[in-house]
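Following this line, the structures themselves.
The following pair of complexes shares a single chain, chain A, combined with chain B in the former and chain C in the latter.
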Partner chain A sequence: MREKYDEEIKTELSDEEIDNLDVNAMIHEQRIREKSAEKEKRKQQRKESVQSVGRYFSDAWEAFTRGDVWVKLSSVLMGAGYFARKQIINGLLVMLAEAGFIFFIAFYSVPFLADFGTLGTVKFESVFDPVTLQNTVNDYDNSFLILLNSIISIFVIIVFVIFYIANIKNVYKLQLDKESGKHINTFREDLNELVNDRFHITLLTLPVIGVILMNIIPIFVLVAVAFTNYDQQHMPPNSLFTWVGLANFKSLFSNSITATFGYAFGKILVWTLVWAVFATFTTFIGGILLAILINHKRVKLKKMWRTLFIIAIAVPQFVTLLLVRNFFADSGIVNTICSNLGITRLLQNIGLVSTSIDYIPFLTDPGWAKFMIIMINIWVGVPYQMLISTGILMNIPSDQIESARIDGASNWQIFWHIKIPHILFIQGPALITDFVKNINNFNVIWLLTQNVFITHDQALASSNAKEVDLLVTWLFRLTNEYYNYKMASVIGIVVFVICAVFTLITYTRTIKGDREEDFR
Partner chain B sequence: MKKKLLALLIASTMVVGTLAGCGGQAPADSAENTGASEGTNASGVQALIDATEGTVELTVWASEIQQDLTQQLVDEFEALYPDVDFNITVGACSEAQAKDTVLTDVTAAADVYTFADDQINELVAGGALQPVSASYTYDVAGENLSGAVEAATVDGQLYAYPSTASNGYFMFYSTEYFTEDDVKSFDQMMQIAADNGKKITMQIDAGWYLYSFFKGAGLDTGLNEDGVTNFCEWNQDGGTDVAQAILDICSNPGFQSATDEEFQTGIAEGTIIAGVSGTWDAEAAAAAWGDNYAAAKLPTFTVAGEQVQMSSYSGYKLIGVNPHSDYVGWSMLLAEYLTCQSSQEKRFDTYQEGPANAAAAASDAVKANPAIAALAAQAEFATPQRIGGNYWASSETLGSILAAGNPDGTSLQELLDNAVAGITAPVSE
Partner chain C sequence: MGNITDDTVEKKEIQISRTDNGDGFLKFRKKLFDVLRYVLLVFLVVVWLIPILWLCVTSFSSQSGINISHFFPTSWSVDNYIKLFLKPDSVVRYVTWFRNTLEISVFTCLISTAFVLMVSYAMSCMRFKGRKALMSMSLILGMFPGVLSMIAIYFVMKSLNLTNSHIGMIIVYSAGSGLGFLIAKGFMDTIPTSLREAAKLEGASEFTIFSKVVLPLSKPIVVYQVICSFLIPWGDFVMAKLMLNSGKAEDWTVAIGLYNMLDKSLVNSYFSVFCAGGVIVSIPISILFVIMQKFYVEGITGGSVKG
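After this line comes the complex of A and B, so read on.
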């Protein structure tokens, strides 16, 4: 009887297993199909995007060849097509833009663009006349101005080319509209469109101009500097700098700049990544734990605790950090307390502190300093994370938690399977931004270690680096104290590539937009 | 006709100026003294006044602390030339950071600015200093201390106007513990400090101070002719003896390597009874020690059994003129006024900064100042700071390792070799 029962169960189980297998196989197959479909789709998209670029130009060519004489004339006098269709103001505006462009290029850009290949050849010379007390200065080239203005000019040219092509198409469309007897807008109607159908253009114009001026052009200049020899010995306006190709990148990965540049770069890169991982996840987890603790039923005076932690945010970070740096100085207050309490002696006995010194080298020993920097960063960063987590925790649908409880889930299970996924889902993108921010976290490192930490690694010192440096603080020292702009640009590009690769991988792997269904 | 009247007016102004200060001192003899000057100076100033039209817009950068006096001197300067319309702005920029601010964009920097003499090479290389090829109201090269003029000179060309001569370092001590004879020897001082359970200090982990040991023992370091890279003899014969001497000093119970802040706290608390520092700590030392406050030149220290006089970096504050200024002539005249004898005397009266002007430095008031007297005594062992940027990190690390007692037990020769490799490293081409 017993055996039979067992067998029954067994068969039942195996049936179930078989079912499961079937289902699994089906799901698997479906996934594969989905994946290949997705691949196909991507291929298609890529093809389309290539085609659309081709179409962009062929359309313009078509407009030009099929257009009437006015369209053809528009390729020289850009307003012609508008005049022909009685859009006088449009025509004038376009003519004005064309004239402005030609004027800008001819009278402003050409001298700079002509020197763009060499970045200038005439060196600054000045002769002082002691009788008139005046300097006579030659007509010298300023490499930096040449570089900057050339890049701006190239930008203007690209924008103008886009405008030019759009103009040809537009004029051709006007011709077609006229031929087919469609209504042609007056200038007033065009203006009206800008606040109705084409309102997005009105809204976006200013921000786009701002982004180009404030972000894109400076980035291009920075990238260009990485390919020049712009440094202490080649500083405009008194000296010229010029293109050196990939030489700077080569020297970053060899040891030719200082004897130990490559060594220092490797060491600093490793610490930068270690720091970014620790700094991001310790504050993240710490913030969640703190939020849960404060939200706990038994905790009294919730608002007071929260306010206390927020006050820590209200104090400017650099004030906090400089104060903390003094607290933990070799002869600072924390060391005095530790030595009075016998903690210094204790640490010496364990072997964490060398017996040759009578203080704890909180910020002066590489190991200790790294540990302290991460700990202090937790203290500085946790309140922010606590605020965010509190908001998220309060918004978790209570039905989920209640039903979990009814099903007999323990607090730990609720935390691990409901709260954490919820927080992670909402905060995933923020976490990646945090990571990138920490790679570039200048404040904490610089304010805590500058003028305090002295490296004992002579190889690092030869490259002006320290064990606790992040790439960005090293970059700052290299540029600000040694005017090594070219290497700063190279490191800047490398940091950007590291951040970009990391962000791309994590974004696409972990928190794709379509994972929402999985989570729900 | 009008011009003549103007000239007359100006001539009379110059006379008044002579009486009021040093703005219009008879310039005839100065032309002979400054070998470089070519023109006749009185006519130069006159020509400049004649040629000036409209408002002369100038910017002057002085340290945050010296704003008041600078403004006062600028006002006096404006009063010297009543026919010229000036608009002179005084901005704040510390002498120690002038180089960074100025070289960021020379064309946008101030017309006249104050800087510490160690930055002069980089400023000249960056084209941020107008050569002082002629002087007009006083003889810049002749009236200032030779050390100050040397500090303001690069490749035989004077590039700046010396303003103060008290930026070097020397030994502070308390007469409660030391006699004048005691402070002649580092060993004696450490002995006394150890006997009293106190400390004497010097910052070993800083290239600025570390230099004094090696240079004292005859091992030099400095700038190569290219003006950017360094040479360094520290790892040559006798280098390890100096390193051993520093190790011995650092392990002495009467010695502590201390930063500026630690020195100030230490003397206030009474744990530090002597230390190597500069005039910036004079006030703190005088406050802590009262009547016992004293200062002396640096002592001798023991290298391989012999007494060696410590060397030091001298330090001067200089005033420079930006060659990209729209009014170079007026900038030069203003710089001359800001550094003339009476201005330097005022600077000493107000801030206790030792004058670079020989006559001002010889006055009784200046000589009675212990810190400045100590600097003067140290002067014969001091050299201007001429060193490229690669010196600092490597020397700091070497000093730091020695101050920690060479914890890894690396051979001293290897330590020195590494440091020299870093100090003399090529600056990226």
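After this line comes the complex of A and C, so read on.
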């Protein structure tokens, strides 16, 4: 990639040359050709992926129909095919897995799956029993447990189906191997495969299980909750909740006198995007400028300066942000200093602070709080960006800068035409990742404003929102303080969609697997 | 790539500055800019360090609440530190919290580093069916807001009876860590394939290649991963607050304990203790960060996606 970039710079530098028109035209043509080739390739890939799904199932069917009696028997007793080829331990393990699955579904999942459609019908009831002097509780349904366990069961079933299909194919392959007289692995050899050609299975099993448990199942649970009426009035175990379709999505995008979610959502969405844009670009530009300042040729003790800035981010965020929050409190030290120096009076005179209060409402007035949050975020984020930019700046090939010098470029031109494009080139994709991270930047907003900022906007307050909230902090408050899980889930899905759109923009540029071989 | 060695920069810059020699006015201008540059740097450092300085000096204050009229405390003492370490009360259990946090962080660090390295080796060095599908899926999963799934994780853990337990915390922090493989994978992508092929020709198994060839060559990224995965539980606040909600102070981590001290009813008698606790918890991280500086840059610029 570096070479390609060099080429571009060189063509730029040779702009004054006479034959540059031809060069430009050629490059242009080549680019068009590359683009169309890429398009063609993508189309091909899409086609292939559709075909491969079809082949996946047809292969299994073929294995079943063409297989011998043992293969057919394997569709019921999954280990049969292995026993026939003398792979006793493999056969036993597979049979064990099958038995475990049947046992799990029959004795654990069925009661939950049966109620999945209604999420429970028997309400919690507790009757005082005068004989035993104790409350007896009926056999009630817990909607949440039904939901959670049903989803887990569905996952288990899907995994089992994949396992089942793979098993049929595998057994058929064993039969073919046997017929053609190929060597059939012993159990020991199979184990040996796991540290060789099939090492990826060994490596990936545990992490994938972890991800399914901690990421995938929770996501599915909450997507499901978005279509229910799970909130404070419908909290298990004391009451039931049930499916309500798209009602929650409707209430997020509409307004009525009692429900102001539409209003709050619009306001918070706008602030979230404004925040993400400002937070990303201010720290990005600030970090580059600081890196350039520190790396200037006549600045001594570069390492010391850098370390001083790093100390600021080495203190955990929950300490610094809570501290800064008290620093800028209404009756905090900054306000004392400002009023001693007459700054409060000055701001009152120019109308930035209302005259009814004698302090600067750094974190209590919507406008001021938003400004301060962005400023404090610069404080938090710039040292990180400085570190990264330093690394990138040092990797700019010196011959580039030197040749620009020889051609008579000024410092400013070098900065603007070489250094900035280089940083942007390397960091471009990361910039959008940062943007998405800032949409989800919980810490800064929550630690700075929780218990400090009180909204005076009735419409916002009635949907438990504040002016300074991001979508994620609003979501967290809805669940953690108001138990409004249904709306929180809807907001979560919206945030996901927004982030997905921004990530997909960069997706083709970032992990497009085709290019990864180029760097070896 | 990415070494912060000042000589290289200076060398580059000296070559550049050859053409810079000018007359007296230019020299004067140069001096002026030099001074301005240092003034600016000092100003910025002051801005960045004022809160940290306030944290440190307040931790040595003998006044327990927030001093709102003076930046420096009026009288100094080490009582706050003594209180932290030697006189635990119903609010302050610092030694216990510190031990809890350390325990959770160390185990999380071990498990997640192992997970990340395992996944990145599989994704970078091996070719198998479904590899690209797995990679795209991990990217999509990463887009889901963590705060949202936190609530569901809480319920999953609750139904497993693992809330308010440190094992539960370790599982929560480390189980999903395999998703964060992109940077390490990017780094392993830069290790020449020929090395692995040579080892294979000598008869090495994939496991041997992983442990004897690729891991030693990935030392910078291993250090980076170790430090990063240690820092996540060490500095985390939200997840701990959600999971350790029993109200029993001896279960808490440092983050929750310190946050609790700033409760409206407590802040006036514990603010300086909070500062002392903040200083102590920052020391290990500061050391790690200074070590990590180099690897951080290397990890980001070398390991991140190139172009």
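A few points about this structure:
Throughout what follows, the second predicted complex is superposed on the first by the 452 of 520 C-alpha atoms of A that agree within 3 Å, B and C clash if a C-alpha of one lies under 4 Å from a C-alpha of the other, contacts with A are read in each partner's own complex, and residues count from 1 in each chain.
What we mean here is this: a residue touches a chain if its C-beta (ideal position, glycine included) is under 8 Å from a C-beta of that chain, and two chains touch if they have at least 3 such contacts.
Quick caveat: nothing in here was measured; it's all calculated off a predicted structure.
When the two structures are aligned on the shared chain, A:Trp446 is found in touch with chain C, with no touch to chain B.
By the touch criterion defined above, A:Asn480 lies against chain B and chain C together after alignment on the C-alpha atoms of chain A.
Of the two partner chains placed around the shared chain by superposition, chain B is the only one that A:Ser356 touches, whereas chain C remains out of contact.
By the touch criterion stated above, A:Leu347 is placed in contact with neither chain B nor chain C.
Look at A:Val299: by the touch rule set out above, it reaches chain C but stays clear of chain B.
By the touch criterion defined above, A:Thr455 lies against chain B but remains apart from chain C after alignment on the C-alpha atoms of chain A. In the superposition on chain A, A:Ile154 makes contact with neither chain B nor chain C.
Once the two complexes are laid over each other on the shared chain, residue contacts for A:Ser126 go to chain B alone; chain C is not touched. Contacts of A:Ser331 after superposition: both chain B and chain C are touched. Which of chain B and chain C touches more residues of chain A is settled by the count: it is C. Put simply, chain A uses residues 331, 480 to touch chain B in one complex and chain C in the other. Chain B meets chain A in the complex at residues 37-40, 43-45, 47-48, 51, 100, 103, 106-107, 122, 125-127, 130-131, 133-134, 136, 205, 228, 262, 265, 323-324, 328-330, 332-333, 389-390, 393-394, 396-398, 400-401, 404-405, 407-408, 415, 418-419, 421-422, 425-429. Against chain A, the residues of chain C that register as touching in their complex are 1-4, 6, 8-10, 12-17, 19, 34, 37-38, 40-41, 44-45, 47-49, 51-52, 54-55, 66-71, 115, 118-119, 121-122, 126, 128, 131-132, 134-136, 138-141, 143-153, 155-156, 159, 171-172, 174-179, 182, 189-190, 192-193, 205-207, 210, 234-235, 237-238, 242, 255, 258-259, 262, 264, 267, 271, 274-275, 278, 281-282, 285-286, 288-290, 293, 296-298, 300-301, 304-307. On chain A, the positions that touch chain B within their shared complex are 124, 126, 128-135, 229, 231-233, 235, 237-239, 251, 257-259, 331, 354, 356-357, 454-462, 464, 480-484, 486-487.
Across the complex, chain A meets chain C through its residues 1, 4-5, 144-145, 148, 192, 195-197, 199-200, 202-204, 206-208, 210-211, 213-219, 221-222, 290, 293-299, 302-303, 305-320, 322-324, 326-327, 329, 331-333, 335-337, 379, 383, 387-388, 390-395, 398, 401-402, 405, 425-426, 429-430, 436, 440, 442-443, 446-447, 451, 471-473, 475-476, 479-480, 485, 488-489, 491-492, 495-496, 499-500, 503, 507, 509-511, 513, 515-516, 519-520.
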